[in-house]
Amino acid sequence: MKKIVTLGEVMLRLSPPGNQRFFQTHSFDVEFGGSEANVGAALAYWGMDVAHITAFPDHEIGWAAAGQLRKNGIDTRFIPHVSGRMGVYYLEQGAMQRSSQVIYDRAGSAFANLEPSKLDWDAILEGADWLHWSGITPALSQNCADLTLTALQKAKEKGVKVSGDLNYRSNLWQFGKAPHDIMPKLMELTHVIIAGTRDFKQCLNEDYKSFTEVRNMAFERFPQLDYIVKTDRISHSSSNNTISATLFGKKKTFSSRSYELTHIVDRVGTGDAFGGGLIYGLLHMKPKDAIEFAMAAGAIKHSVPGDILLCSLQEVKELAAGEGGGKIKR
Amino acid sequence: MKKIVTLGEVMLRLSPPGNQRFFQTHSFDVEFGGSEANVGAALAYWGMDVAHITAFPDHEIGWAAAGQLRKNGIDTRFIPHVSGRMGVYYLEQGAMQRSSQVIYDRAGSAFANLEPSKLDWDAILEGADWLHWSGITPALSQNCADLTLTALQKAKEKGVKVSGDLNYRSNLWQFGKAPHDIMPKLMELTHVIIAGTRDFKQCLNEDYKSFTEVRNMAFERFPQLDYIVKTDRISHSSSNNTISATLFGKKKTFSSRSYELTHIVDRVGTGDAFGGGLIYGLLHMKPKDAIEFAMAAGAIKHSVPGDILLCSLQEVKELAAGEGGGKIKR
Amino acid sequence: MKKIVTLGEVMLRLSPPGNQRFFQTHSFDVEFGGSEANVGAALAYWGMDVAHITAFPDHEIGWAAAGQLRKNGIDTRFIPHVSGRMGVYYLEQGAMQRSSQVIYDRAGSAFANLEPSKLDWDAILEGADWLHWSGITPALSQNCADLTLTALQKAKEKGVKVSGDLNYRSNLWQFGKAPHDIMPKLMELTHVIIAGTRDFKQCLNEDYKSFTEVRNMAFERFPQLDYIVKTDRISHSSSNNTISATLFGKKKTFSSRSYELTHIVDRVGTGDAFGGGLIYGLLHMKPKDAIEFAMAAGAIKHSVPGDILLCSLQEVKELAAGEGGGKIKR
Amino acid sequence: MKKIVTLGEVMLRLSPPGNQRFFQTHSFDVEFGGSEANVGAALAYWGMDVAHITAFPDHEIGWAAAGQLRKNGIDTRFIPHVSGRMGVYYLEQGAMQRSSQVIYDRAGSAFANLEPSKLDWDAILEGADWLHWSGITPALSQNCADLTLTALQKAKEKGVKVSGDLNYRSNLWQFGKAPHDIMPKLMELTHVIIAGTRDFKQCLNEDYKSFTEVRNMAFERFPQLDYIVKTDRISHSSSNNTISATLFGKKKTFSSRSYELTHIVDRVGTGDAFGGGLIYGLLHMKPKDAIEFAMAAGAIKHSVPGDILLCSLQEVKELAAGEGGGKIKR
Amino acid sequence: MKKIVTLGEVMLRLSPPGNQRFFQTHSFDVEFGGSEANVGAALAYWGMDVAHITAFPDHEIGWAAAGQLRKNGIDTRFIPHVSGRMGVYYLEQGAMQRSSQVIYDRAGSAFANLEPSKLDWDAILEGADWLHWSGITPALSQNCADLTLTALQKAKEKGVKVSGDLNYRSNLWQFGKAPHDIMPKLMELTHVIIAGTRDFKQCLNEDYKSFTEVRNMAFERFPQLDYIVKTDRISHSSSNNTISATLFGKKKTFSSRSYELTHIVDRVGTGDAFGGGLIYGLLHMKPKDAIEFAMAAGAIKHSVPGDILLCSLQEVKELAAGEGGGKIKR
Amino acid sequence: MKKIVTLGEVMLRLSPPGNQRFFQTHSFDVEFGGSEANVGAALAYWGMDVAHITAFPDHEIGWAAAGQLRKNGIDTRFIPHVSGRMGVYYLEQGAMQRSSQVIYDRAGSAFANLEPSKLDWDAILEGADWLHWSGITPALSQNCADLTLTALQKAKEKGVKVSGDLNYRSNLWQFGKAPHDIMPKLMELTHVIIAGTRDFKQCLNEDYKSFTEVRNMAFERFPQLDYIVKTDRISHSSSNNTISATLFGKKKTFSSRSYELTHIVDRVGTGDAFGGGLIYGLLHMKPKDAIEFAMAAGAIKHSVPGDILLCSLQEVKELAAGEGGGKIKR
């Protein structure tokens, strides 16, 4: 059984039931989610040994957050409960031509204040096969940027493979640093980068005319890099998307099949499901099959409410193999 | 800030959750809605100064109805709480080939019994830019027909622009008068008429071969008329409609883009959202942009549960500008 | 008013709300359903006199099951409340490429233990016009196989028409008998068989190259047979199916129109709604209209949550006549 | 098995969940209830053969009302579905010092318009052992007063015992008759009267100084009278009541034990549960045991949400026997 | 109609349904509440003209907060929508020996950042009869302390009566000032102080041996002071409290009756209901009746879920007059 | 940190919301619970290292059961997912004089079929400080009786302290053995027995006149025994109980304070909370404090919905110290 470590903030997710708007709701469905922990949860559901690194406040809601990670199969023993608030994100599910909307309320969270020295990195990475991070974490605070760098350096020491989802978000990076102050160093320590052209541009503060140019640059500039992975999404409406993905190796490129997602239940976390599928795939399959498995994981997540892909290995494999007709399983 | 007055009944709306049928439900979702107040609520959400004229029973459910209007930004100070019952409409949401169903239970309501003399029309219309009525009100009772006429006459005195949604409904008009006994006089006092061929036929008790004929007749017969507005809807199923709209001026005609509404959440109130969009558009934009804005408002309402369009100006404007791809807004 | 008797197990149906997975749910929606009782409920909703034969445990949940049948218009006076558990089926609703999932937990139920001698068959079939059974019942236990045979023999004695939905399920037949040990005798006593090629193969333990071959064999081997009825479903995804049906008489064949079911609410029980429609149709219409009515009943059921078709005669007839545009009925 | 007929209006009951006020609720729990049908439902739950006489509108909500009666074991075959609305009552559950509140909206209901000649009284009362009515029915409309009288006269012809719960309500009697115009004739045809001093005063338009005076008058004036039954309730708060009851025969008087109801779940329908218990008791027990059984039924109803006593014979008998300690039954 | 202005933060209130703990909940009931706005809402429900001063974020949840105030009858026209987050408080309802628990998450809110100069104080206090503040506001930030002082000074200029609920909370006052740096100046501008001994001690940084000592000191030190009001609560358990209150004038003292609150639904906001009752009472009644009315308002609030007293004038007056037996009102 | 192992079945718990009866419910709240795992969950919530031994079916509901244990802090790595069904218990919450009701449906569960040899007992008990079992397990099946004995023998080998809650239930023991065939051997291996007189009688098939007699017998017959613990409950009604407990050592006896539980939320699992408190107490406190802590844990559980005590160490300690007044904690 492979051991995977994921690193990042987990927030309280509050969303009105169904397609209600914030203005009209009288209750919030409660979930806990965060990009990297979502990746970890997908892997844990498939039987991997997953530990997540974050921090929670030391009150009942912080305990509930840890409990939910455990329910999802994640080892929470390395998560400190410290002072600071619980980060929150409010999510309103769109429909048709109306967009989904996220209001972040994560400033001053327990995780944003976490210092790298508070964690026992040797214990955390002991026996690990893989470490996953995303570009959201270094964008939160200097502490979080330091935390990511420490984790990646330790991973290098221990020979742990590293994947990173660049995931550039313009409304973060509020603490005085620009992405290109911090991201290049992290990318140098990463073996699998999930990103599109825009992410590369922002993280490196360079301009690229095409993804081909990005790809050539990346394999040259980052010699440790094994794969670049890019997803493509056509958003016809909030309810209907088309997605596919491509894995770029140094020599070979593999594209997944394309999925018509015609009745989307929950788009949030679909990139994380894809990320989880990718790590699983690269650990257990040939690249060609890995990207197919990853995209199937990302696709089927659109049918599951919440942040987390709760689909079995068998379900994802069947979809990757082209079966998605939705017959009742009895 | 523009001031708009709307006039009409507001009912308690009771609907089974989700796609349940009346026969099987064990709870009703509670909303309050009525065509003209829905128009007003859309305008209030966009920052207009809106007062609604209706009547409610003087008990806690009547107070709740007024409270809900206030929540939606509507000035309720002119609404009397009187004897009479709360009008009710039961709504069952259809899906696919199964139609939505409405059971009206509005006879004997507080509003149906309201006499025009009970209202301080001068105070109500003081400083108003626009008055909106619909053909539902005069169809309820002689009192309501009188109320509408009084309002329109007062509006004329004060130079207030008037829009009317003819909205002919065959199951109303139970109080001994036919539409053509009452509607022509109201249409003479209206500057913007929202209606299709059938509405004109019923309200004027005449036959027309085409909408072109209707249009020519209308501008001739009603010299005060500025615009006729017509919406077109193709109902593929309860879940999937195509809609568009056209604004006929005396000289020019403008058609909106057409919308594919592929995953309808709630069709009720979409005409009212269109009406609100039309009034906002005509008050703030050129006719060409107004009809585009109005249709975008009507289209996006299909994604919002309840009677009321709860979409910001920005959301409607983006859709009117051709953006409706449903990307998550963070 | 026609009198129809249906025979079969009714289970407690437990399903997570909306599109939740079992893993994440915190509540179950409670329904009661079973193939043959679902057929009966459709017929009762249309005003037929329907009695259902099953057994329930003698505790409050068993009483609730009987109560629910009564609510649906079914005569429950012949249902014994005996020892044994309540059969359960857990249902998770799929969406898009994710399949719906059923976990059966029906072993040892009160019905599985029911002996034919416990029932007063003369009273049950007194005045009956029709008896309906399905291949699920003889697959449950020897008692249930005996029960079915007894019922069919009694029906023959009394000249009651019999329909049977072969409904072969590989995960049943656990009590030591194979389908072909039992089913042929039951098919000999049945006038209307609902089945596809695979059902015939399994029930008769023969191989057939085409449905035409099946059809020819069946009318030859089973001289009492009036009709074979086959439904065809293309499952594009859990949310989107295409269905149609064909009625094969000895001489003539009639096919229904085909339905695009683009936003499926609940697929469970759609075959039973079809079965109910078929019985109603054959009792009241020409074969050509009967298959059209039956398919409309099956199609519209996809829009109703739960096991039961809760659509009026008028709704089904309108759909069978080609009206399915989903306009709001006021 | 005894056969009982009950007569009266059944309304849609709409109540906010928990202790919410009407002003704040966003959903209503849906039940169907009415005093006399509640009596019938209690008796049906105990295995009696119960038919209820009322009328419902001929739409899906009216069908649902009939379905709910059937679920509760009541024979609905004599209930016509006619024009007229569904009567509604809105119920807000109080707590502590805050009272529960009922808003009636029952004018113009299908039942209020029902004429006695529309019913086949011979079929209805065929084989009946008991008929139950209440003072609510003749207070609704002249039709309803006539209906009650017809029922009682037919019962006398057929030798059916009659009970009546006088249940005087000052906000009814709006159709031009006073109680004493109508009630005396009905009381003359009744063998068991449930009433307190105030009910007798209002129904007979007389003044009485004490219940002893009432009792003496009643047995003298109404020679057919077997029993007068009176309940006593001390309402400490909405959550906490003390109740007891007394049965007055011509010669003997029996009082039930007194119950402390310290955590009331739902007070509505407790008098009807008592009435059901009384009929059951008088049909199956000695008077002394009957009043004890009736009061136990009334008491335990306070623990059941909704209008209906859903407690088994065994539960009521145990409580009547002095067991009410609330140990978990496994 | 009296005009009242209230000033203070309004937070999003998130609470698990029923008696669930934070650790186990999967949804939050959504309300908006804050001590001073709760006072205002009680007054508005009784028909007073109430304006509330606060600030909200300029996003949909901030709009919803304002909408909810409007629903409760509060004039929100003076509330700016600015940057900053929505303050949140998480509330877990206790039961019996388990305490209710509040987790505050209000740092950095839009209101905490509001500067006094942003508001048009003349418009706000135009025609006002009363201004109400609480000790929570100056404890939040220097801005909020300044805001309170400004409001009170303006009130003095305009001759507006002022009430203040000292409401000392040790977990606030985090911005570098102690209560006695700020509170004395505010108390000097207040005519009615609601407080207990501990509040006086903390706000004045003095020690007092008894409330008598407090009272004598207060009337001497604060010559403008009309009344001191103190509530007394014995908390037997989360579900059962005894409360009473006393109004101390310069010469006379009046105590309310005492209430046994035996089945508490929601304790939050009961002090605010009392405050609202006190203001109403002092504006409309003699002191003796005012304190009785205020305590009745505070008592009955324990039966209403949410922050807000939603009880009519009549309900409160009846309870103040000694009627609280909880009979059903029909 | 102490390590505790618990052993026993975990069932799916299905209960109607609030005080609904099974007959009327339309949804079930879903929990997972079982006596011994409940004990473990309480200990895990207080930071102990707890592993639970049971078996679950290998489908999504079985995975959810394991997930829920993990959420509650329990190590599930030793739990096999095997064939067999998920045991179910249906729970209806009583109120006042109406009892709560449990319908068990646990025959044929995955756990009942589990053989001792399938488990790695050395790994399970490695480093354990305590093992807890109950009399429910050996009552389920021969496999389960063997499993318990194996566990206790292994514990003895490894010097692990053992507690057992005899918990005699007459409706179990269906597999051909009587309690006294099996229980004595298990009691001989147990250091802390939780039981009342009736449990001892049934497990040893002896008669005892008093608990003093039981106590003397037990310390004599079971020399390894450290403590006998007995709880006393007076059930005034389903809503109101009085409880206390006593710890009998060989020499000394300590009684806890007595608790009035006046508004019971959920009685289920209160004995398990007590058991968890007892183990925690005996591991960390003096006997006198341990029994006080245990009873506080048992008492406060009555306020928490579900099977599990979700109260912090601090909450329980405060209650044990006499603080239970239910003030709001902010």
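Annotations for the structure displayed:
For clarity, chains are labelled A, B, C, D, E and F in written order, and residue numbers in each chain start from 1.
We adopt the following convention: a residue touches a chain if its C-beta (ideal position, glycine included) is under 8 Å from a C-beta of that chain, and two chains touch if they have at least 3 such contacts.
The structure presented is a predicted model; accordingly, all values stated were derived computationally and were not measured.
Taking the definition of touch as given, a chain qualifies here only if it contacts chain B and chain F alike; those chains are A, C, D, E. The chain pair from D-F, B-D or C-D that repeats the A-C interface, sharing more than half of its contact pairs by residue number, is D-F. Chain C and chain F have centres, each the mean of its CA atoms, that are 44 Å apart. In this assembly, the C-alpha centroid of chain A lies 62 Å from the C-alpha centroid of chain D. Centroids of chain B and chain E (each the mean of its C-alpha atoms) stand 40 Å apart. Chain contacts: chain B has residues 18, 21, 23-24, 26, 60, 67, 101, 263 touching two or more partner chains. If each chain is drawn as a node and touching chains are joined, the picture fits none of the line, ring, star or complete shapes. All chain pairs that touch, listed by label, are A-B, A-C, A-E, A-F, B-C, B-D, B-E, C-D, C-F, D-E, D-F, E-F. In the complex of the two chains, the chain A residues touching chain E come out as 14, 17, 21-30, 59-61, 63-64, 67, 85-86, 88, 90, 92, 101, 103, 105, 107-108. Partner chain C is touched in their complex by these residues of chain B: 18-21, 23-24, 94-102, 104, 169, 171, 235-241, 263, 267-268. Listed in rising order, the residues of chain B touching chain E in the complex are 60, 67-68, 70-73, 312. Contacts from chain B toward chain A in the complex involve residues 18, 259, 261-265, 299-300, 302-306, 308, 310-311, 315, 319, 324-330.
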